[in-house]
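Two complexes are shown next, each including subunit A; its partner changes from subunit B in the first to subunit C in the second.
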Partner chain A sequence: MNFNPGDLYGVLPALLLAAGALVLLTSEVFLRPVEPDRRYQAWVAAAFAFAGLWASLAQLGDPAQPLFAGAAVSDGFAHIVAAVVCAALFLSCIVAFSYLESLRATRGEFYALALFSASGMCLLAQATDLVVIFISLEVMSLAVYALCAYLRRGKRPAEAAFKYFILGSFASAIFLYGAAFAFGASGSTRLADLAATVRSGSATTLVYASAALLAAGFAFKVAAVPFHMWVPDVYDGAPAPVTGFMAAGVKAAAFATLVRILVSGYGEGGRWRGLIVALAYLTMLVGNLLAVPQRSVKRMLAYSSIAHAGYLLVAVAAMGTSAPRADAAGALLFYLASYGATVIGAFAVVAIIERKLALSGLGDDLSSWAGLSEKHPALAAAMSLFMISLAGVPPTAGFMAKLTVFRSAIEADLVPLAIFGVITSVAGLYYYLRVVVYVYMVPEAKADAVQGGRLLSAGLAIAGCALIVLWMGVLPGSFAALAQSGAAVFGR
Partner chain B sequence: MRALDYLSPYLPVLILLLFAGVLCALIGAAATFLGPKRITAIKETAFECGSPSIGDSHSRHSVKFYLVALLFVVFDVESVFIYPWGSLLRDFQAEGLGWFAYVEMLSFMATLALGLVYVWRKGALEWNP
Partner chain C sequence: MEVSWLHLIPLLPLAGAAVCGLLGKWLPKAWLYAIALVTVLLSFCIGLTGFLRLPEEVPIFHEVAFNWFSAGSLHVDMGFLFDRLSGALTLVVTGVGFLIHVYSVGYMDEDPGYWRYFAYLNLFIAAMLTLVLGDNLVAMFVGWEGVGLCSYLLIGFWYTDEEKAYAGRKAFVVNRIGDVGFLIGIFVLFNATGSVSFAQLGVAPLTLATASIAALCLFIGAIGKSAQLPLYVWLPDAMAGPTPVSALIHAATMVTAGVYMVARMSHLYTSAPGVLALVALVGALTALWAALIGTAQNDIKRVLAYSTVSQLGFMFIGVGVGAFFAGTMHLVTHAFFKACLFLGSGAVIHGLAGEQDLRRMGGLRKYMPQTAWTFAVATVAISGIFPISGFFSKDEILAQALHTKAYDFLTLGPGGPHLTSLGTILYLVGSFTALITSFYMWRCYFLAFEGEYRGPEGVHPHESPGIMTSPLWILAALSVLSLVIGLPEPWVRGSFLEHLNWEHFTGRLFSPPRGGPPAGFSPWPGYLVALAIGWAGFGLAWLLYAPARAASGDDRFAALFPRLRNAFANKFWVDEFYDWLVVRPLWSFARGLWRIFDATIIDGLFINGSAQLVAWVAALARRFQNGDVQRYAAVTALGVLALVYAFLLRSSP
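And now, the complex of A and B:
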């Protein structure tokens, strides 16, 4: 083993984000006596997120190389995931700024925790060693648990954070159990050594057990059925900007690691494909079905996030066959980026509605969205755009993303899965368009649901998300090319 | 089977654990069932360094203890990391990684020290804020 200081350059995005978090924590305790106004923190966090984005995009062209004696890797796939995470963090910081200010809830550690969790996500996408994966997973998860409980008033944030913490720790324990089996089978925690053991065909029982347990641990993190029970309560109880960040960032990092473990660890044989196909069927079905009766937009978006995990699992399943593997990985990256932009935008609009509700103590219900188009036509138009993107209607990012995922599934001979995905996404139209119906067609019943003031920064973030969603939908070429270049590491 | 070969060095540990457990259970059971019990009032009192108990043993603890316990765990785990590092430092040096291991541990401890500064300034160490 040898240490090469150049390896640190490979994990630059994670280092930048962690450094930003430390800067914020230090400034929080040393600047507060002189500067009680904490608004600068949002912009410092956004600047570090932007630096992380720049670093991950700058490394994109570099050849793939192992870091730290094979504990991590610096390749296009990880850089794209890191870019998605940093962009999600950047937009979420801007949304959170307006949200927290209007609720007068700007307390110290929000942005530091968000930066810590994002640095865990970036490392998670790069890790190729089960121990490194576990550490990054915990860095990400612990910070997100705390963010869920950030608004301490009321029972729902506490319930959300507690549920997430208990079930998340349980999932981490299952992951560790699987990692222990993998270690027992291969005598190493490196995914490459595990792949060698799988190829040699020895210790098959241990290998199967570890694959099932590791997949179960990550199925929890990506919110796949039947490990989805926590999602509605957590997404509902957490502050809306945090929910958007969770849906975009945690999902991207967890899917990247799931792919890394299955493809790099359990190898080309694709024996794991049946497991992922079954999970994908279940997740698409249950997520879309349970979203239909939801009256709360946040809960609806939570079930929709489960459904989208199902579509992403279709791409993962398509990676089980070697011929279209690079295409499927590209589709997965494109889907993660498009879902991230859409869901952050959608939760930013929810945040604007929610802060009024939070102050008036009302529950989140579709009726508070009625007549939004009359007073805030831009907000209504943006929400409608995000809804039709989530539903997968052209000319939005969601449509192109679904198209590429289902195409890669057909290439991988998973035609029934692709057909099932198309049918369930048509069923999804109902509950997405219901929001649009309320926004445009149901007359306003209550007082204005939007609280004035501090709308500018949230508006900017929403406009940015809408721009990305339209851009990826109308001119997907450059994004698709980026995703394909990132996915090239899985090409043979 | 390779996995069993891998675990076989731990067999003596397992046997020792089993032996210790059985022995404890045996001694405990023998004392309970065979030992004579003649309890008098004077035997029930506290002796040597004990003192008479006051109140219910199920009393409430101040919630402040949780913060102290949490901080203790953080810095306790730090020493858990330092110990193996200290015992392996010569091996690192032999492999030409001495400076790397040293700088690595310094940066780890610097980060933790920053955490301590944060905790201190935040007032988490004040008992009565």
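And now, the complex of A and C:
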């Protein structure tokens, strides 16, 4: 295999992010030994994230081409996913800065780990070889496990991270098992060779077993039912900025890979479409149903993340038919971007509240959100906007995203699935609007709520997210065009 | 011609609104005023420059600002269309808007919410400009809803007063009824033609049925927004807002949107002659209805409000008989004199420390001469007394109504229905309404400005500051000057005034009504009748409300027509009727629903039931979600098994 240095340009965002992580780690060495000032790290990380975002957007117009002899690919789809990941990282760094500062928990690893995981995500979106997929998956996952355990005080973060690690390793093992089957069936780990085997008609049971195992491995990462069990505990236990990044970034990368494996590896969707449809039904139902009884906003958002995985699976299922495949891929990308912006904003608000609760020793319960509009009208308005967007009500990004996904499902003759999706998302109104009700209509229980200092940078990120959510909801044109251009690779 | 500066016209006031709304609380007052006023003035200047530079051959500027959204085959651009009609209206909106901004500086100066007020006002201008300049129905609808929003915000501006908040709510609810019609109209048109842009709708061939349904639905929207029967009830209550708002939104601009829409969609409406006849009929009925009520109102702003409803009816007669130019011309002249009247009433209210009751005014000409003079000029204009603008524009409508006597365009084909007498009926109703209009407007003037002062003790009526009187003078001057656009074409043919003539000016803009435009005719007989009517109204008012005994005028009126006046004074009991017909049944229906559905089904089955469901789900969730990693792993493994099994099952042939 020839190594072509020019191919490195194709993975520029991942390289930039990895370089940023290394810069941060190295700079640790030169800090003062006692009480070093690490505030610069957030801004360095944000700068590298921004550079990654810029690089992925700049590469958008490049023609699609295979890299490293077919082990990876540089195409619009991957660039859009990388852009979503980098934007999520950028916003999360800004949120994390004030969050960690206020908890006096800024330590060296945090931003480096975040950059490493993002670099894994970007590579994941580009990988077309099962081995590369596995390596990128582990780069992403290991860093995220560590981030979950980042706040070492208290039992919950450690427990959450440990659970995530155990179950995540289990899922990785399943994925590897599937990769082994695929290699056994096709004699190669390249998705293209796998597709050739499938096309040749000589596909054996082995091939389909491998498809099921690989899909199961990523169904775990995207939090599809019944592989969702880890989600509530981990989302609840991890620091809120990390949860937001996880929900936006990991989901985007994992969905991109799932689509890549299924469409590029197993071709025409006659075989896998039905299963994805079943997963989508199950995920939408269980996610929305289990979100209803939650009293903790973080756990509610965790189940909401499961429910949203269900809606995204609808888009994946719609890609099973070739006619509207590019449309469905565009819908998927648009949905990922809109969900990312919304959920990072929501978790940033949670981060501010969570920190107050930590200071006052209160539990994370809806009742502690009561009367937020009195004290912090802007925060309350932003949270309501994110809730409305998650519920899919106009004029927000969530509405346009659901609209495009359900439309692509209808074009793909999945009308019952689309109807079911609409019904479950109406049910979702119940638990999203409950937050709004508490924020605006329930008076505060006690007058002497803890006044934390202002988290200025988190406020900036929240404003940015709110702007994106509104922008994508009111003027979706340019975003949709971007998503469509990225999805054009699936138009063949 | 494609240009790139049109978006600035609505954008500037929008930016002003954003600055005033977001930073207004902290900005120094002078800065805030400067920002609010200058943005509108700049818009006006851009509009004026564009207006003067409109190319002669194809007098259209067009700009596609951005692709707004594409959903399937629905492709909507946010585009702006600046032709002679929308251009003229842009000038009216920004020009009158600017004057009212200036006036508001004096009027709202002491209100603590002044920054909110100016933000809303600028937002309104931006929305109104979007409505006027939008090049497609969806953009128009955005402006339509935007002006509605600002209207509710400003009606309920003093929202702590329960009654005023109620007025805002009423306007909101009544307008919703119309807006649903408007939306359905858009859908029908899109479904039939595949487009929402005016350019394409203006040439699209439509079947009679489609055109009629779409035109009817859109007209329902116009009925709501322009306060026609039966949805006019919100407008008199809308006077709860600050008076400059009534002048700008509820008289000069927003409420005329329906007329503008019908004129803009002239192709659609001439394709649906039945609906067009309905438009004229509704207009005529509303004009008469509101004018009658206006004769017996004592609140000065309510008199003007009913007069606005009535004048809007006149405009609908104009567009309804296919004389789109006449309807829109009256729109323009009405904007000037009605704004002047409203601002004058505002000055009166201001000078009398909040007094609005005509019975407690009188003799104000001595104390506020400038207000009195400008009010008198505008009253002359609205009562159609030669030669001020209202005379020409109103008479043009009546002449057109009479002249389309055969209602040619109702002839859909050979042997189609003829409503030969409709034109005559419209003319008679309109002329009678003109008589009443002149009567009640002079009544209003006499009661407020002539005779002895009957106002509250201890209040010293005073003239308003110059910042409030100068807009009055400008508007009064415009009320007079705008007569040039209404001069009959034969009079000005060949002279430079010909270019200013509205009929000539908007010549190729509107679709000619089916059956051909009315041929030339001599305006004189009509003018003489109209002149007589205008003076007759004045005479009647003088008889009953002559300055010396104005206070007892209402009693004399009541003695002449006791039952009629009672009906007028009670506004024909329409509010009570709606209360009886809609509100109460709805309440009892809702109460019944509440009993059946809420108390038993919802509370019993869903609330308690769903609480149980939630508890059950939670219990189920707890069983699986107990935090036990082994259990999680087991569920995952089972899922993998199921997935592999299903895959193999499905893939085995």
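Basically, the second predicted complex is superposed on the first by the 476 of 492 C-alpha atoms of A that agree within 3 Å, B and C clash if a C-alpha of one lies under 4 Å from a C-alpha of the other, contacts with A are read in each partner's own complex, and residues count from 1 in each chain.
One rule holds in what follows: a residue touches a chain if its C-beta (ideal position, glycine included) is under 8 Å from a C-beta of that chain, and two chains touch if they have at least 3 such contacts.
From a predicted model like this one, the values you see are computed outputs, not experimental measurements.
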Worksheet item: subunit A superposed: clash or fit between subunit B and subunit C?
Response: fit
Discussion item. For A:171, using the defined touch cut-off, is the partner it touches subunit B, subunit C, both, or neither? Pick first, second, both or neither.
Written reply: second
Practice prompt. Go through the superposed model and pick first if A:227 touches only subunit B, second if only subunit C, both, or neither.
Written response: second
Practice prompt. Considering only the touch criterion stated at the top, classify A:184 as touching first (subunit B), second (subunit C), both, or neither.
Written response: first
Discussion item. Under the stated touch criterion, which partner chain does A:30 make contact with: subunit B (first), subunit C (second), both, or neither?
Written reply: first
Discussion item. Between subunit B and subunit C, which one contacts more residues of subunit A in the superposed model?
Written reply: C
Worksheet item: What is the contact status of A:22 with respect to subunit B (first) and subunit C (second): first, second, both, or neither?
Response: first
Worksheet item: Which partner does A:3 contact after superposing on A: first (subunit B), second (subunit C), both, neither?
Response: first
Practice prompt. Quote the smallest CA-to-CA distance from subunit B to subunit C in the superposed model, rounded to whole Å.
Written response: 16
Discussion item. Taking the stated contact definition, name every residue in subunit A that is touched by subunit B in one complex and by subunit C in the other, in rising order.
Written reply: 203
Worksheet entry | subunit B-facing residues of subunit A, complex | 1-3, 22, 25-26, 28-30, 184-185, 187, 202-203, 206
Worksheet item: Which of the residues in subunit B end up touching subunit A in this complex?
Response: 1-3, 6-7, 95-97, 100, 111, 114, 117-118, 121-122
Response to the item:
Listed in rising order, the residues of subunit A that touch subunit C in the complex are 159, 162-163, 166-167, 170-171, 174, 203, 205, 208-209, 211-213, 215-216, 219-220, 225-227, 229-230, 232-233, 271-272, 274-275, 278, 289-290, 292-293, 403, 407, 475-478, 480-481
Practice prompt. Would you mind writing out the residues of subunit C in touch with subunit A in their complex?
Written response: 66-72, 614-615, 617-618, 621, 624-625, 627, 629, 631-633, 635-640, 642-644, 646-648, 650-652
